[in-house]
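Shown next, in C-alpha cells, is the structure this report addresses.
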Amino acid sequence: MTIRARVTGAFLAAVLSTTAFNGAFAADDTIKVGILHSLSGTMAISETTLKDAMLMLIEEQNKKGGLLGKKLEAVVVDPASDWPLFAEKARELISVNKVSAVFGCWTSVSRKSVLPVFEELNSILFYPVQYEGEESQRNVFYTGAAPNQQAIPAVDYLMENEEVERWVLAGTDYVYPRTTNKILEAYLISKGVKPEDIMINYTPFGHSDWQTIVSDIKKFGSAGKKTAVVSTINGDANVPFYKELANQGIKAEDIPVVAFSVGEEELAGLDTGPLVGHLAAWNYFQSVDNPANAEFIKTWKAYTKNDKRVTNDPMEAHYIGFNMWLKAVEKAGTTDTDAVLDAMVGISVPNLSGGYSTMMPNHHITKPVLIGEIQADGQFETVWETPGLVVGDEWSDYLPDSKDLISDWRAPMSCGNFNVSTGKCGGKGS
Amino acid sequence: MHRIARTLLLAFLLVAAIAPGLRAEEPLRELIDALGQAKLSDMDEHIAALAKTGDPKVVPVLEALGEGNLYARKADGQVFLTKESGSTLSLTDPVSGESVGEAPKAALSKVKVNNGVRRAVRSALGSLTLLSPDRDARLKAAQSVLQSPNAEALGAIEDALAAEKDGEVRALLEQARATTLIISDRPVEEKRQAVRLLKENGGREALSILSAALNAADDSLKPDIEAAVASIEQSQALWAAGQNVWYGLSLGSVLLLAAIGLAITFGVMGIINMAHGEMVMLGAYTTFLVQEVIRDSLPGLFDWSLAIALPLAFLVTGTVGLAMERGVIRFLYGRPLETLLATWGISLILQQAVRTIFGPTNREVGNPSWMSGAFELGGLTVTWNRLWIILFALAVFAALLFLLKKTPMGLQMRAVTQNRRMASSMGIRTPWVDALTFALGSGIAGMAGVALSQIDNVSPNLGQGYIIDSFMVVVFGGVGNLWGTLVGAFSLGILNKFLEPYAGAVLGKILVLVLIILFIQKRPRGLFALKGRAVEA
Amino acid sequence: MITSFLVKSLDRTILIAAALLLALAVLVPALNLLTAPDHPLHVPTYLVSLFGKYLTYALLALALDLVWGFCGILSLGHAAFFALGGYAMGMYLMRQIGARGSYGNPLLPDFMVFLNWKELPWFWYGFDMFWFAALMVVVVPGLIAFVFGWFAFRSRVNGVYLSIITQAMTYALLLAFFRNDMGFGGNNGLTDFKDILGFNIQADGTRAALFAASALALALSLVVTSGIVRSKFGKVLVALRDAESRTRFLGYRVEHMKLFAFTVSAMMAGVAGALYVPQVGIINPGEFEPGNSIEVVIWTAVGGRGTLIGPIIGAILVNGGKSIFTAAFPEFWLFALGGLFVLVTLFLPKGVVGTAQQYLARRKAHRAAERQDGESDKEQGATAPEAMAAE
C-alpha cells in the first residue's frame, strides 16, 4: 500500500510538474505553434514529413524576424496514429501549451476526433490534406483539396483527352473514397456514362494482395471501350497495387490509373519505370517550374540535409496555410483566435504552383488543379492544368442532401451549413 | 537597286543549286523541330507526318520522344536527342546522328509527352520497324501494332507478313493483321475470316477487340462476332477458376514465407514472438541497403541483388535474433506469456529504430529483370515475381525440413524442445541450442523479408501487416508442426482467393477468420496436432 | 448473504483502494469546479478528462485480470468488448444529436446522410433511449463473450490457441466495423457528440460527472471482482488456472466457471468502453486493433497480474507515461515504452504491485520468523501471486 501510494504520488507529481514546466514557458516571449502529426504508427509514413516541413517553415520565419516581433516556437507532440490520442493531444496543446494555432492531422478520422476540442477551446486548426468535403467548421481551415479541386477535374481530363468511357472506381474502404466515389458516380452519370460502365471496388486498409482485383480490372477493361481506373487507394496499399499493375502488364497507354492519394513521397518507394504515364491529380507537383518552388525545394533539401528528399502537395498546403496564418496574425495584430479567424477570410498568399491562393469564406482555399503523369524519375510531369483557380466546394453539388448547403463564416451569416432552400442555418447553435 | 536585285538573284540561284541536297534533310529537320513547338493535342498529326516520311532516321527520334528524351533548345527551338549525365544533357543531332556536345538542363525544355503521344509513337514505331532486319525489333513492332491497331497500317502489316520468315513474329503479325482488318474497310468475307482467327487464338485482347468491333460491325458480321465473343468468354471463365487457384497458391506462399520463421520460434520453441514481423522488416531493409550500394557503385550487379541480399539478410536478422535470445528471452523460458510482453516491447523498439535510421517513408526496392513482368500459360497470367516467390517459399521450407530432420543440429534442436532436461543430461549444450534455434527462426524471417520486399512496401510498418496472419497460419496448421504450417498457409491462401470474388476482399477476410475460429473449436490443436505428453506440458 | 459477500470481499487493501477511488470521485470534480483556475489546488479540466480516460482503461485492465490473473485465460481480444460497449454508448450519443447534425436530418446520423442511406438500419433502433443503450453496453459484449466462450471452453480450446482465436475475433470485428456498409460509420466511427442525458458533453460539469462515474464504476467493479475471487468460487478459479485437468477430475464443471468469468469480464470491459467514449468524444474501429488488446495485457502485467490493484496501477502508469512521453520526447517515446515492457518482464516478473507485495510479505515473514520460528511458510502460501511462480 505504501508503495502504491508513493508510486501514484510520484506520478501525479510528474504530471503536475510537466504542466507547471509548460506553464512557465507560456509566459515566455514566444508565439507557440502546435504541430499535431503522427510520428509513429501507421500514419507516420506520411505525417512525419509534414512535421519536418512545419519545423522548417517556422525556422525560416524566425530567420526573417518571427511574428509581431516575437519568435515562433514549435510544440511537437506525437499522437501516434491513435485517433482518441489526437483529441487528447489537441487538448493538451491548446490548454496546457497555450499554442496560438495548430497545424496537423492527415486522416479524416483524426480531424473528426479533434474537431470538438477546437470548437470547445476555440483555437485554430490548419488541415493540409485533400479530403472528402462535407464539412466546414469555424475553427478549421482546409488547405488541402476538396473533391471538386481534384477528383472532378481529373475525370474531366480523362473524358476529354483520353476519351475514357468505362470507369473503375477503386478505393480503400473509408470515408474519403466512399464520398469521392459517390460524387464521381453521380457526376459520371450526369455526363451520360451508363451505370454498367462503372465498376466500384473497395479494399481494406493496407491491402497487399492485389492479384484478383488487378485481374478484374483487366477483365473489365477488355469490353472494347477505353477504360480508366480512378484510384482513391490509401497510402500504404498503393505500392503493392502499382507493383501488381506493372507486373500484370497494365500500361498507362491502355488502362491509365489516375490517383488522388499518390504523390512524390509515395512514388519514392517505387521503381516508377513501368508506371510511366499513370496519372495523379493534385494542386502542386514538385516538378512545377517557378522560382518560388525552386527556392522551397532548395530550402527543404538543405533543411533535411538530404538531396533525395521530395516535396509534395500536403507540404505545399502547409506552406500556404502557414503563410496565410502569418499574414492574418499581422493583419489582426494579435494571435487572439477570434481576431485571427476574422482576419483570415480573404487573405491571399502566393502558392508554389505559380499563382496566388485565397482563403474563401467557407474556410477552403482557391487552388489550381494539375494533372500529372508519372515519370521514370519518380516525378510528375504536368500534362494539363485548369485555366484558372478553382474554389474549394465544401458541400458537393452532386450529393442530394448537400447540394442545398453552403458555408460562409463572415459576420452576418457565420454558418457552416446554411441551407439555401429553407433559408436556415442547419445545425448551428444549440 | 540594281545591285540589290543582283544579289537577290545570286542568292536565289545559290539556294536553288544547294537545294536538292538539302531537300531530303531540311523538311525532316523542320518536322522534328516542329515537335518542340507543338501542343500536346496536335502531337498526333506531327507524329503521323514524321512516320509518313518513312525515313529510318525518324525511328530514334520517335523512340526518344516516347521515352521523354527529346528536348528543344530554348534559344532557337532546335530539337535534340539527349542523354542525361548529371545536371547536363549530352545532345545528339537527330538528322545527322552526330553528337553535338553538352548543354545544361536549364537551357533546354523537354518535349512534353502524355499517354496519347506515347500511343501514337508506339503505333508509328510499330509500322516503321516492321521490316527491320533485327528479329527482336520486328517482334516488338508486331506487338505494338497488335496493341494499338490502326487501319492505315494494314498494308504495311501485310507486306511484312509476306516477307516474314520467323514463326513467332509471323504468328503475332497474323493476329495483328486480323485485328487491324476488322476495323478496316475490307470486304465482309475477309473480316469473317479474321474473326475466326481471333476466336481460335482467344485471350483477353481478342475479346476486347471483338467487343469494340461489335458496335461498328456490318449486320451480316454481327452474329459471327457475337459467337466469337461468347466462345472466348466461356473459355475465359474456365480459366478463371485455374487463375484463382494460382492466386491462392501465390497468397499462400506469401503467408508461408511470413509464417515459417514463426513456426520455429513460436511453433517449436513456444516463444510468442511478437517481434517476428520486425525480423521480416529488417530483412526487407537489408535488401534495400544491398540495392542501394549496388546502384551507387556496381549497377551491373543489380540482377544479382536479391541473391546477395539473401545470405546477408539471414545473417543480419539471425544476429539480431541471437542478441534477443541471449539478452532477453533466455530469462523467460517456461513463462511463454511473458515472452509476449518482452517481444512486443522489442518490436516497438525495432520499429522506432528503423524509423529513426531510415526515415518513416517507404524505401524503394526494385525488381530485378528476371522478376518483372508476366507470361501467359494457356489462359493463365503468371507473373514472374509470384512464381519465384512460390518456388522460393517451397525451397526454404524444404531446406528447413532437411535441417531439422537430417542434420545433427536439427536433432539437437528437437531433443531440446521435446525434453530439455534429458537433452541436457545427454551432454547437449541446451542454452546454445536455444540461441541458435531462435537465430535460425529469425534468420528465416529475414530471408522472407527479402522476398516480400518485392511485392510490398518497405517501411517500418511492414512487419505489422504480417504478424497476425502468421500466428493464424501457425495455429491453424498446428503448433510445432512444419507440415501443418505449409498446409495451413496454402489452404488459407486458396480459401481466401476463392471467397474474394464473391464476398469482396474485406468480407472474404472476415469469413476466413470466422472459419479459423470455428475450425479451432473442432480441432483445438490445429490441423496437425502434436500427440503425446509434450502437449500438456 | 449479500452482507457476507461484502464482508468477505472487503479485505483491507481493497477497502482502502475503493475508498480512495470514492474520495477521488468527489474530490477531483470538486477541485475542478469549485476552485478558481489560478488556485494552487485547482485541477484543470484537461487533467480531469485525462484521468477519467485512465480510469476507464484501469477498469478494462481489471476486467482482463479477472480472466487472465485468476482464471488463466489470456484473452488477446478484450479491447473488442471494450469497443463494443463504446459503440453501444456511441450509438446512443449519435441518436441524441438529432436534427443538430450538418444536414439537419432528425433521424439519420450525418455519415448515413452523405452516403445516401435512406432509412435507419434496424440495429440502430432503440438507441435513442438511454436505458436501452445502457443495457446494450453490457448485453452485447456479454452475449458475444458468452457465445464465443461457450464454444471455445466446451471444445477445451486453451493456452495459446485460445489467445490466438480471441485475437482472430477482434481482428474480424475490426475488419467488419471498418466496412462502411456495416452502418457504424466505417473508419471515421462515431463522433461529434452533443449531449448525454440532456447535459452538454463539453461542459466542465459533465466532464467532472463522467470522471466521478468512472471512479465509481471502478470502485464498484473492484469490490465485485474482489468478492468473486475471494469466494469459494474464486478459489476454484485459481485452482483451475493452475491445474485445469486436476480441477476437472475433482468434479468441477471447469468450462462453466470459465464461461462465467469470461462473460462477467466482458461486461465489465463493455462498461469501461461506454464510460470511455463520452470522455474522449470518438469511437472508431481502431479500438478493435489487436495491438490494443495486447496493450491491455501489458498494463495488467506491468501492474501485477493476479492482484486486483495491480492492473489499475499498471493502466494508469503506462498510459500516464505515454501521455508524458509523447509530448516530452515525441520522436523517441516508443524506445522508452518498449524498453519499459522489456525491463518489467525481466526484472519485475510479478509486476509493480506483485513485487511490492512479495517484498512486504517476505519482510513480514522475516519478522515473524524472528519472533516465532516456523510460522513463515503459512504466510507466504497465502499470498495469491505466489501460486504464479509455478507456471
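So that you can tell them apart, the chains are marked A, B and C in the order they are listed, and the count of residues begins at 1 in each.
Keep this in mind: contacts are C-beta pairs under 8 Å (C-beta built on N, C-alpha and C of every residue); 3 or more make two chains touch, one makes a residue touch a chain.
Just so we're clear, the structure is a prediction, and the values are computed from it rather than from any experiment.
Among the chains, the centre nearest to the mean of all shown protein C-alpha atoms is found for A. Across the two candidate interfaces, A-B and B-C, the one carrying more C-beta contacts is A-B. Chain centres here are Cα averages; for subunit A and subunit C they lie 35 Å apart. Between subunit A and subunit B, the centres computed from C-alpha atoms are 30 Å apart. Work out the mean CA point of subunit B and of subunit C, and you get 46 Å between them.
Contact of a single residue of subunit B with at least two other chains is seen at positions 351-352, 464, 506, 509. Multi-chain contact residues of subunit C (touching two or more other chains): 175, 178-179, 331, 334. Of all residues in subunit A, those that touch two or more other chains are 39-40, 173, 202, 204.
Of all residues in subunit C, those touching subunit B in their complex are 74, 148, 151-152, 155-158, 160-161, 163-165, 167-169, 171-172, 175-176, 178-179, 245, 290-291, 294, 297-298, 301, 331-332, 334-335, 337-342, 344-346, 349, 391. Of all the residues in subunit A, the ones that touch subunit C in their complex are 1, 3-4, 7-8, 11, 14-15, 18-19, 39-40, 76-80, 82-85, 87-89, 91-92, 95-96, 107-109, 112-113, 115-117, 119-120, 134-135, 173-175, 178-179, 182, 202, 204-205, 399-402, 405, 416-417, 419, 426-427, 430. Contacts from subunit C toward subunit A in the complex involve residues 13, 16, 44-47, 49-50, 53, 99-105, 110-111, 113-116, 175, 178-180, 186-189, 191-193, 202, 280-282, 284, 286, 309, 313, 316-317, 320, 323-324, 326-328, 330-331, 333-334, 352-353, 356. Interface residues of subunit B, counted against subunit A in their complex, comprise 40-41, 67-68, 110, 112-116, 118-119, 122, 147-148, 204-205, 207-215, 236, 243-244, 247, 250-251, 254, 351-352, 355, 359-364, 366-367, 372-374, 381, 383-386, 454-461, 464-465, 497, 500-501, 504-506, 509. Within the complex, the subunit A residues that touch subunit B are 39-40, 42, 44-45, 48-49, 161-162, 173, 201-204, 206-209, 211-213, 215-216, 218-219, 221-225, 236, 239-240, 243-244, 246-249, 252-254, 256, 265-266, 268-271, 274, 276-277, 373, 375-376, 381, 383.
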